[in-house]
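Look at the two complexes coming up: subunit A is in both, with subunit B in one and subunit C in the other.
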Partner chain A sequence: MSFHPQMPYGEGWHRSQRRVPPDGPPFAFTPENLARLEDICSHYPPEQRKSAIIAALYLVQEQQGYITGNAMQHVAGVIGCAPAQVEDVVSYYVMFFTRPVGTYVVQVCRTLSCALRGAERVTEALCRHLHVSPGETTPDGMFTVVEFECLGACDRAPVIMVNNEHWHECQDPDKVTELVDALRSDGVAALSGCHLVKER
Partner chain B sequence: MDPVLTKHIGEPNAQTLDFSLQHGAYAGLRKALGMAPDEIIDWVKKSGLRGRGGAGFPTGMKWGFVPKDSPKAKYLCVNADESEPGTFKDHVLMERNPHLFFEGCVIACRAIRAKVCYIYIRGEFYHLQRVLETELARAYEAGFVGANILGSGEHVDIYIHRGAGAYEAGEETALIESLEGKRAQPRLKPPFPAVVGLYGCPTVVNNVETLCNVPLIFDRGWEWYAGIGPDKNTGPKLYCVSGHVNRPGVYEADMSVTLRQLIYDYAGGIPGGRQLKAVIPGGSSTNVLPADKIDVAASFDGLVQAGSMLGSAGIIVMDETTSMVWVAKNLLHFYEHESCGKCTPCREGTDWLYKILSKVERGEGELRDLGLLFSVADNIGGKTLCPFGDAVVPPVASTLQHFREDYETHVRVGRPPLPPWRAQEELIGAH
Partner chain C sequence: METVALTIDGKSVTVEKGKTVLQAAIESGIKVPYYCYHPGLGIDGSCRVCLVKIEKMPKLQVSCSVVAAEGMVVQTETPEVVQARAGVFEFLLINHPLDCPVCDKGGECPLQDFSYAFGPKGSRMEFARRVFDGEGVRADVDFGPTLMLNRNRCILCTRCVRFMRDVDGDAQIGIADRGYGSEIATFKEEGVHSLLSGNLMDVCPVGAITTREYRFKSRPWDNPTAVDTICTLCEKGCNTTVWLKAKPEWAKGAQLARITPRYNPEVNGYWMCDIGRFRLAWIESEARLSQPLVREGNDAQTATTWDHALDTLKRLVGAHGSEHLRFLLSAHASHEEMFALSRLARQLLGDRAQQSCTVSWAASVKSQPEHTTFSVPPIDAPNVAGARLLGLTSVPVGEAEPDLSALRAAVEAGEVRVLYVLDPGPSGSLGDTAWIVDARQSGRIASLVLQGVLESPLAAAADVVLPGACFVEKEACYTNGQGRLQATARAIPPPGQALDDCSIIVRVAAALGRPLDYRSAADIRADIAATRSDEPGLQGIADMAFAQPVATHHWLEASNPMERWKWDVMFQDLPPVKFEEMLKK
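Coming up: the complex of A and B.
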């Protein structure tokens, strides 16, 4: 029973629920990534290696593109914690992908400041151009379109992030379709980056 | 007032150590290293510095809560998880003035007797992490961070810890949980982090802008700092103005500045000569103010008197063409998505509010849904472990309070047509 008499109990998936992805192919860190992870672990007290779980998962994503059950088992082994603790983290944070994604994951900010300046139109134009809906990947595996919550660049709205790392600012429906074509030909070099990084 | 925090942000190489040293970086640290920890805390108390993260809690007092005689390690955690919709000030400081930021971290560590500082940066700020890492390495090399800082014997290590996409990590106990390698979910308080925080040790969590203010107090003296701005709202303040304005951006002013000045003088007013409809003064978690309430000081106390909060100083401006039902729906999508799920009222309630608002926004609502919105919001506010629950209420309650006619239009007439400039994909071209 729900605690509010006029509302049904919640439905659908929530980030607080645990969702374990399939095991996938065998996974082990490359020696280089293992060394990078050990370096990060040294930032924390020796008995607190768990603090490096998020960093380890980023390395998995860098090495394999997305996170699988086998990868989580491996991370748990390297960190020295229970696999459930890694599963907790993977299902909670939105920047971890638990299924294969496109070469370019285009993450469009949809929260108020971007929305006031037309983020909805940008997403529509992007989806129309690529013939996908938000959350889907193009058949050629090049692009995944995702709607994202506030990226914290509201003065350069609407903002797009690609692959969790590269920013592209001040978008509109025309520019975003050009961006897709530029990404195809030039890769992430086509992105404007954060305008602060470049000298003003 | 002349900008202090952002004076040089537009100049080439402003982020580098050489540039920063030419403009007086680490002078405050040199003075603070000659002072005892208690004296540092005393200066910060006398300066009147209040936390810039949202709550406006006096920083010196927060530092004073750390038990001096505890045998445990002490930690400083920096909240660089800037995720409040409408806020982008810490981004600018970390990117363009990182040495001021590191200087503040080291002084704070000395004050609370911490040897280690973790900068918890949100996952989306990868480009910023790289800037910080480069400049941090330079600060280590020059002896401003690390062992035996400037020959004083003080030892502070700073590490950067990247999150992975969770608004809730901006709450201090959730940030600590996330740093420990868990989900960013809040803890029951008390005990407060000052006593039991990171790894069970005494911990202070401070916002980036707060720490950037600290070196100024030592460089120029607490008397200078306390003399800026109105009583109890001292020091330079960064304001983030976004939405329907001609020049969105970060602006620095003392806290006697009014919302009207920020919108019309600093940010250049509203495009196309359109009229102002509403302002969110301190990030999406603060009450919306209608257009006739903007002649108030944008200070901690001034905005409370006006019926809202300074929060994170994320000012979102909305013009006359904006439907406040659409605004509330947009924000509740955010809260529904970001609720960490630990407390039932927030996890379920945000989902319900979003569903009701979607229905009303589509023009399929009934008048009794408006009462239901109040009822559900009232069942979340004050009934959760962390302030997230309280933050959900303002977008619903304040838009209903000030713009009930918008809701009634959606119910009686249906969704109003989008204004031509928005429907025809012509963005307000102020870029």
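Coming up: the complex of A and C.
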């Protein structure tokens, strides 16, 4: 018995979702990244350095690709807070990855507008095309498919974003598989950006 | 003090400006349930059970986070509020297991009590509860060296998170996987490592956080008696409550079930440290000295009677002459004991009495986070300030280590023939004692007399051992590091033939032919008040109030006994603990 047919009980749903972050390789910010972080921190009052946790975690992902236990500890040390508080943030936001991801992280919005316009089918097509399930990386390390929360382009749903930079709007199952193929052959050049796409 | 006047349930209430509606309701004895609010932790507004109706506000408000304003009209009992509150309770119990009969908090649990009082009659939820057990996961997980966490029972009030962040100063607890997977977690599951971890059990409004020390040991209804006392394991002197288990004398195990903090805003607030909370096994341990011991010649110590022990003491002192007698006091000795012993020294030694008494204690720097708001002082003894007031030690304020150089020099020079040690504290409370044992064994001290409570190398080396009482076994006064005069209470009797330390000193004085005219500790306090009337730090010692054991059932009827601040104000029909009056004393 469940309050939603998609939410079965007893089979994992009501188990602990917690995954203790593995230590991973040793981590320390490069001097350049540390300087950038200090620059970001300077935007906040000194007693509010914790405000820079998200920025610091983005820097970790830029440097290492994903966030490990060691990285969380390093960030906590640099920011001056407890590692538990960093983990609190990492475990909440979908854009922070705790395992290695592919060269291209294809993030498909699943929030309301996109869901209404068929984002689920986009994800399905993508996953079928790449032979992965959401959250997984292809064996060649090229693509990771992630279901994302609102990307803020609801008027052109469904939306996907690649590597936190390139938006692609008004997607459908065919377009997205074409895009992935183009990415595989042409690299970043295939990411033409959303603004060139004409509205249907 | 600027005040605002508001109306709650038709009753006009005046509170200090800036207080919340919930605080106003609590202060005026109006029952509003709450979980996430704790007066020592500030406001969070996450549990939503303190809903009230405030006129001119369109929706129900969580009273813990609405600041009381002039002329507010608040309703806590309208059908709308009652129904909404019951709805919140129904949701809180969606996943909370109904294992109260086996839960450690059962019987003193606000969730249990408030659900009965304010919750719906039953639940409409039909699906299975969330359980963390199974598939390699356990609901009951280690939560550091002192605690266990049961994640099934957690209602995510975040009191523990806020305690660690705001009071302990090191936010070791966070919420992982916020959202439908929210759970209380520590980084890498390494648990809570803090000197204040025991307080997490107190702040937890359900049985999610329990201490390993008290877990499964006793249940609230097994502890029918409690005594308000103070902790004497450091110079902070936290106000505590000692809980006594109901058990026949012949039954195994300790009578002392647990020690919990008692609210005193000027000393410890709502908290106490783990040392005071968990270090209680020694009080009723097998290692307690329960009868006088005497060593004849080089034989082993033999148990004997008080008369024989005091005779032996008299013979030893007589043989060596009282001018070679020295006293070593632990700072665990109370005002009464220190004063009586120093008076005995004055009678025996006259002008040299001042130099004959030395006070010793143990000191250890506690490692605590930098920003903690509850720091545990380095001196591990309750009455160093008292020794200073009575002129027994000249170690200045701020100096943690005792000054034993004069006594050590005298022992090295062979001037000390008989050393009388008074130590009613736990093991290690005199600091390093190996040099005394060494001096006794090598003969630099001819005779060693120990008036103490625990077996120790020092007790083993002593020629006469007089068993005394520890801090929960006697009524005694101490001055804490702030210079505050506080008193312990007699919760349990001393073991076996052991006696109150004051009466031992009086008997020793009588045996040495210099009787002190004290019939009770109260006489000593009166004498202190009379002779040291000029000392502001000792004012009021003659009429110190000592708490008596009280029945705890009314606390259990009310709610979580850890939160006595609550029913002291909320349940006025019950025997109240009036902090204001106590503070005036």
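Side notes on the structure shown:
Here, the second predicted complex is superposed on the first by the 171 of 200 C-alpha atoms of A that agree within 3 Å, B and C clash if a C-alpha of one lies under 4 Å from a C-alpha of the other, contacts with A are read in each partner's own complex, and residues count from 1 in each chain.
By our rule, a contact is a pair of C-beta atoms (placed from the backbone, for glycine too) under 8 Å apart; a residue touches a chain by one contact, two chains touch by 3 or more.
What you are looking at is a predicted structure, and each value in this text was computed from that prediction instead of being measured.
By the touch criterion defined above, A:Q85 reaches both subunit B and subunit C. The wider contact with subunit A, measured as residues touched, comes from B rather than the other of subunit B and subunit C. Using the contact criterion defined above for the overlaid structures, shared-chain residue A:M161 touches subunit B, although it does not reach subunit C.
Using the contact criterion defined above for the overlaid structures, shared-chain residue A:E136 touches neither subunit B nor subunit C, since it reaches no partner.
After overlaying the two complexes on the shared chain, residue contacts for A:T111 are found with subunit B alone; subunit C is out of touch.
Residue overlap on subunit A between its contacts with subunit B in one complex and with subunit C in the other: 2-3, 9-10, 12, 14-17, 81, 85, 88, 92. Subunit A meets subunit B in the complex at residues 2-4, 6-7, 9-10, 12, 14-17, 43, 45, 48, 50-55, 57-58, 79, 81, 85, 88-89, 92-96, 110-113, 115-118, 121, 125, 149-157, 161, 164-167, 170, 172-174, 193-194, 196-197, 199-200. In the complex of the two chains, the subunit C residues touching subunit A come out as 126-132, 134-135, 137, 151, 165, 170-179, 181, 183, 185-189.
Those residues of subunit B whose C-beta lies close enough to touch subunit A in the complex are 9-10, 12-13, 73, 82-88, 91-92, 95-96, 118, 122-128, 131, 159, 161-167, 178-185, 199, 240-244, 248-250, 280, 284, 314, 316, 318, 322, 327, 330-331, 333-334, 337-342, 344-345, 347-349, 351-352, 372, 375-376, 379, 422, 425, 427-428, 431.
Remark: subunit A residues 1-3, 9-10, 12, 14-18, 20-21, 69, 72-73, 81-88, 91-92 touch subunit C in the complex.
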